[in-house]
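In structure tokens below, several structures.
In the two assemblies presented below, chain A is common to both, partnered first by chain B and then by chain C.
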Partner chain A sequence: MIREGNFGYHEAISLLAITILAKTFFTSPAILVGIVGTAGWYMTLISALTAMFGFMFLYLLLKRFPNKNIMEIADMVLGKLGSIIFLFLFGGFLLWSASISIREFAEVLKVYVLPQSPPSFIIILFLITIIVLSFMGLETIARFAKFIIYILGVGFILVFLLSVQNIAPRYLFPLLGYGLDKTIIHGLLRSSFYGEIVIIGVIASSLQGYKEIKRIGFSTLLIAGFLTSFSLLVFAMIFPYPVGQEITSPMYEMAALIDYGGFMQRMEPIFLFLWNFGTFIEVSLIFYATLMIFCHAFRIDDKRPVILPMITTLYSLSLIPKSISEVTSGFVQTLRSWGWIVYYVPPVIILIIALIRKKKGDSQNA
Partner chain B sequence: MRKGTLILISLLLPFFITGCFDSHEIGDFAYVTAMGVEHGISDTFRITFQISKFSKSSGGNGENEGGGGEKNEEMEIITMDSSSLLSAVSIVNANISKELNFMHLKAIVISEELAENGKLGECLAPIVRYRHIRRTTNIIVCKGKAEEFITALMPYPGELITRTLEELFEKSNTIGYFPHTTLNDLYDGIKSSYNALILTYGAVNKEEKFESDGEFFKGESDVPGNFNAGDIPRKGGSKVELFGSAVFDGEKMKGKLTGFETQMLLLARGELIRGPFSITDPEKPELMVPIDIKEIENPEIMIDLNEDKPKIHVKLKLEGDIASIQSGINYETPEKMTIIEDALEQHLIKGIEITFEKCKEFKADVFNFGTTAVMQFWTIPEWEEYNWLGKFPESELKVEVDFTIRRTGKLLKNKPLFSLEDKK
Partner chain C sequence: MLKGLKNLFVYKKPSENGFRFPEDPQESDRWSSYRGKTRNLQDNNESDNSRNHRNDNQDQYNEKGQNNKKDKKHEAKHDKRDKTEQARIIKPIPVKKLVKTVNDEGKKKDSTEKSQESNNEEDTGHKGLTKNKDNDTESNENQKKENSGGSNKKDKKGNSQNDSPEQKENDIKVSSSIDENINILKDIFHLPVNQDVIIREFKIAREIEACVVFIDGMVDKSIIIQFTLPQLMDPCALDGFEGECPIDFLEKNVLSIHQVVRMDNYQEIVPQVLSGLTVVFIDGCDECLVMESRGFEKRDISVPSTETVVNGAQEGFTENLRTNITLIRRIVKNEALVTEFKIISKTNNIIAALLYMEDITNKKIVDEIKRRVDSLNIDYISGSGMLEQLIEDKSLMLFPQVISTERPDRVASFLMDGKVALVCEGTPFALAMPITFFDLFHTSEDSNLRWQYGTFLRIVRLIGTLLALLLPGLWTALILFHQEMIPTSLLASIVISRTPVPFPFIVEFLLMEFSFELIREGGIRVPGITGNTLGIIGALILGQSAVSAGLVSPSLIIIVAVTGLGSFTIPNYSLALSVRIARFLLIGFGAFAGLYGVSVGFVILCALSLGMKSFGVPFFTSIAPETKSSRDKIIRGPLHNQNQRPDYLNTQNEKRMGDNPRGWVTSKPGGDRGNDQGR
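So, the complex of A and B:
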């Protein structure tokens, strides 16, 4: 049987921050420029604030039911059938989002680095790592995230520092992009970008109580919001808005543009490192959260027999999109624009039902 | 048992993934270092590949071996007519034992004719999609045939062609006679609503402008660098030269700026770190005073959009050192120094204004003034509706230059020349 284990503040923040930030490496920044133009860097701050608002309800729910995770709370509040329906939908959604992340990763990797390799080959290699990490358990994934975040941080800073030579601050103008109204509307909708923060509800039992959860949640959103905004700001200063919206992986191109003469150029390998490890953590966490949800819903104590079948499902789902266009403009776009319904609304509904039905957990100090 | 199985799997796994689909040996490729594109005869485009063979000299003596021995570079030129780059690459690949690889491509050369016919969007812009070609690849518009240019492109003796090209382009911001432009600049330039595109202009110098015989030159010298590549009166050295720039409106080449005009342009854009300038001696117009100048602050640009015509005001702050005084006049004294300072200021103001007028004729804001004008707009639709590039030809420019001479070289003052003829 896999033990979930316990981990602390730093591990949880590393895990969640990497999971959220990994998405900036793919096609999202370009799509964002197409929607809000030059305003993407502060639009994401609106999204982060909205995500904080959404997270607040989850926190209130977890506070009401101390030492319980979202699955246990759903059981108590929604009843057996209601809980299964909710967990099935939520777990299915997470599995679908993991499949999109994998496919997006495979497609972008194929475009830039491995053009001859079939997507299935890339995805299988990727999934082998996820399988290994899943067998190790949540605590191992979290501790690996804490270990790798320092290396990723150095790489991240290095890529941005070296990109200074290509920065033109005037590309940030016109400041309001395609209009303030569009920026605000899409800022609210795209709070889904930070939606993985709700996974904190799934792994709540491994954390040290609701006060710690509050600290972890808000700190993660602040860090992820700031770093995403910073990445988009640098990106907007390097690629003018007509060009920025066309690029498959703006961050990769940004690293490829670094050129300080014969001895300091071709810096993409640094980016590739960030990219690969960031995505490993992202998909591992989402997959493991899904695994926990399904095992809870079907009352399976030992997760190990479920890992391989679920990986197979993940693999099959990731091969559904026909092309990169379908992934980026269809699936990813839908996920970013409407994912908030699945991420933030259920905790609000559960909280309201809990209040109506006067359901409450045991006191934490009891 | 479990640990043993895991170790065994870990040890065996690498053997299954070593020959992944994208694994290649370095020797599998033929590295294209320069590529030319021009109008084709039997198909749309004529594409020329310069393939360099990087290998150590086989005849090196013992001392050279293992100690960075002399490099022997052989070139192969392949030219073919094709409808696109990808078709050309696949056909060439079918006929050579290696596979063409563009990871070390340093320059793409477009013929002037192709650029004038507005084919950039068709032939070059799509290349950014091609994963092998980096956005940092340098772009040159060449006089005459691109094929001829590529054939004449040779490395500096003892160097690799890649290094020669890298070093050549780096000269741009210290000399300023040509801009350093890349595929990224090209793509941004043709899509931009802020500014127009400018590219490096190059040519094969056939030494036609160099006159070996004739009478000695008399009269006032022209402004140094006031010509384009291919017209430099020189002999020897590299056959290929980069000088001046090609100006575009969208994807269509509208004209050329000379080396001097390009210097003026880069100065106004704040991209010329330092550069050599020569002004006519204010007191002896047949002689020159060469000065090394340095831009100490970014140009201050103000644009008034309140009236029909945009009014642009540029302020430059420069300092410099006198490199030589041919006339021997004692310009080093504080009273006389201001004469040189004023003369240089006027020289630069006139130069920038002439260049600006020329760019207005081309309807191309290569000065990047649009990147300042855009700061007065709140939203992209407002900015695009204003249509800066359409307004640019109506704009008016006022230039202010503040130049200070800091040093006078290795001489503090000039004593008159002594000759018997003068004594008489």
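So, the complex of A and C:
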């Protein structure tokens, strides 16, 4: 049996914030420049606020059913069949999003670091790491996130500090990008960027009650929103927007541009580690959440035997896209634009049904 | 056959229903309580079983009636139970005997019966007494089962199956005939084949036959030569004595030995002889005198060889348990320091001492360690290294889960933090638990130096550790996969230096790393100063020659040397070894998939170590998971700010110093000491 265990405020925030922020290392910033121009850095703040609004419903649901996770709540509110359908769809979506993250990672890594390696080689190595992390359990994943956040933090700050030489504030203009209306609409839609916050509902049993969940959820979104906005701001000031939308991984390029003489140049090895660690945590959390959902849906107590079959499924799913362009402009774009439907709507529906059917958790255990 | 083999490896746990001598004359608490109780009991005519027992023993010579025998048996049983509360005995059962028991169970039963019969000629109640002893043993076993939560039911069952014939053999009572006692001793100790057990026969005051039994080399001969034989053989030794058995008279009036106890059962006596005590048998007495006389050779206290410091104590542990405990007690002079002795192996009867602070340490940790130590079922343990492996949480993990140190000051600081120490005889190391990575990373010098210096040393050590772990893997990845990431000038010099090298890079690298490991291992194994010389000369000659011969590039020599130096900065030997192994894994990952591979390897390593626990405490506690800490991780705060004991230990007393540990830092003249909540 894998023990989910319990973890605290710092571990949970590290885990969720890294999961959300890891996406800034890939193609999303470039796509964003293509959509809203130079306004990406504050558009993401609108997305973060929208995500907070979406998370509020999840929080209300978890508050109504204290000490229950989203799967148990679904069982109570939707009934057995309804719960299985919901969990199957939700888990399937998470697995699909994990597969897209892996493929995106593998493709970008192939472009910049391992050009001669096939994506399957990169994906297999990646999945080996995910297997180890999953076998160690959620508690270990959370601890790993907490442990690595110091390294990520130092690396993140270092890359941005060293990039100061390349910053040109004039690139921020026009400030309103392609128009305020476009910025707001996409800001609302792209709240999916922060969608992984709903995983907090899956791991709710490992956290210390709904009050802690509230703190963790809103703090994570604030931190992630601020750091994403800061990253996009720096990115927007380094690359003019016509150039920015052409770059596969702007953050990686940003690190590669660092040049302080013959020796202090090309800092991408630092960035590469941030990138890898962040993605490992992101995918391992999403994968583990999926594992928990499926194991709950099919009443499987021991998760270990399910890991390998699910990893195989994940591997197969990640190989479905034909090319990097299909991944970035198709799957990733769809996920970022419409993912909010799966992330934020189901908790609202479950909450409404719970209110209608007057279902409520045991308040004594709160 | 299978049952026989099973029984061969299932050892009877030493009974805990008797008295055992304290390890050393200085350890007199238990002894005093026993003596005190004996004296008190002797004063009390009616309720004192022990006194009655002795009186009955004396009556035995006068009245050998069946009724009195029955009373005596009953009282002896009670006497035994009283002793159970006081202490425990060592009951060694040689494997040879176990084999004998297994193969010739029936035969043994017969011989035991014969032995009993022969004893019954003088003591008809012996058989019944043995039965009573067996019952006592069973009740103790049951009690132990309850204590250990029935975790070892199978073993206990095996033991109890094994116990009966062996129990009978060892449950031989001391005879009142000296000749019979000598015969029994010869039988037990395999005399005259076994030549280091000495039985010296003599006459007390030229009147009463007696003998002393001891093991040559284990005893301090002056105890026997100066304080035992001359006084007993003195013609006036029995002046003023009237009666049959002079044992009480001799104990109180003649023998000037600091610790003497009476015993009447070979089950108790034999382990004491094996431990280096001297036993006096007297004709006409069915008890003997067991005298403290341990005096075997031991190594002097010397400087720790693996944990040297510049600023700090220069004393290290030795192989002697009592010396080691004394070294700790000299630092922690506090009545709350509790030492519990435990026999951890079953055939060589190695004793380990469990030390903890009664009013600081979390009882659950103590109980858990006791549970693990008590449940060990192994024939032979040579020392703390084996013990560490037997009690650690996960044996598959690369990193140590128990800290092994040869510094008494470190153990003392661990104890004061609320950790538990295990000191095992036979090795100059003590174990402390639970631990975290930071315990392995710190040295006692860190606290002895001012916080700035301590912090600086820790940062140097951290860089050294990271270099030792990551540099070879990163270098492999850069050379094999990411040449574009190396600055051009550096890349040019690397390429030029590698031009004459005929091997692929990874072969060249592994060759050098392996050579370095060979030098290091060879340097340790070669005795004395030659080892160090071999290390230096070997490294110089090998490195220079390898470069001259064009076998390796100079840049690689630098990388290997820096890695080696980095690993030398790791203060804990086990941690250093685990880093040395882990670096090979990362080299493999680096050669397989470049920096991506190194990051995969690093994540796997981190995941495994983060999931690891030491007695329930996660390995990276205070960082992941985050707990309260007194600025004592990598950066060490000023000493007076480290007022909290480690949070993860859940100690009974969390504060290690008062609110104002530096009482003189106050506006009030003379200083206000603040609330002294610490110890």
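Simple rule for what comes next: the second predicted complex is superposed on the first by the 363 of 366 C-alpha atoms of A that agree within 3 Å, B and C clash if a C-alpha of one lies under 4 Å from a C-alpha of the other, contacts with A are read in each partner's own complex, and residues count from 1 in each chain.
Following the convention adopted for this analysis, contacts are C-beta pairs under 8 Å (C-beta built on N, C-alpha and C of every residue); 3 or more make two chains touch, one makes a residue touch a chain.
As the structure is a prediction and not an experimental result, all values here were calculated from the model.
For A:Gln208, select first, second, both or neither according to whether it touches chain B, chain C, the two together, or no partner.
Neither chain B nor chain C is touched by A:Gln208.
Just to be sure I read the superposition right, which of the two partners does A:Ser329 touch: chain B = first, chain C = second, or both, or neither?
neither
Go through the superposed model and pick first if A:Arg170 touches only chain B, second if only chain C, both, or neither.
Only chain B is touched by A:Arg170; chain C is not.
Regarding the shared-chain residue A:Ser117, is it in contact with chain B (first), chain C (second), both, or neither?
both
Would you sort A:Gly262 into first (chain B), second (chain C), both or neither based on which partner it touches?
both
Touching A:Tyr178, do we find chain B (first), chain C (second), both, or neither?
first
Output check: A:Val243 vs chain B and chain C. Expected answer is one of first, second, both, neither. What do you get?
Only chain B; A:Val243 stays clear of chain C.
For A:Phe126, is the partner it touches chain B (first), chain C (second), both, or none of the two (neither)?
Second partner only, chain C.
Does chain B (first) or chain C (second) touch A:Glu253, or do both, or does neither?
It touches chain B, and chain C stays clear.
Does any part of chain A touch chain B in one structure and chain C in the other, and if so which residues?
In the superposed arrangement, which is not itself an observed complex, chain A uses residues 113-114, 117, 121, 125, 262, 265 for both chain B and chain C.
Spell out the part of chain B that touches chain A in their complex, as residue ranges.
Residue positions touching the partner: 17, 20-22, 131, 134-136, 163, 166, 170, 184, 187-188, 191-194, 371-372, 374-375, 377-383.
Looking at the complex, which residues from chain C come into contact with chain A?
Residue positions touching the partner: 474, 478, 481-482, 484-485, 487-490, 592-597, 599-600, 603-604, 606-608, 610-611, 618, 620, 623-626.
Using the touch definition from the top, list the residues of chain A that touch chain B in their complex.
37-38, 111-118, 121, 125, 168, 170-171, 173-180, 239-243, 253, 256-257, 259, 261-262, 265
Within their complex, state which residues of chain A touch chain C.
Within the complex, chain A contacts chain C at residues 7-8, 10-11, 109, 113-114, 117, 121-122, 125-126, 128-129, 132-133, 136-137, 139-141, 143-144, 146-148, 150, 262-263, 265-266, 268-269, 272-273, 276-277, 280.
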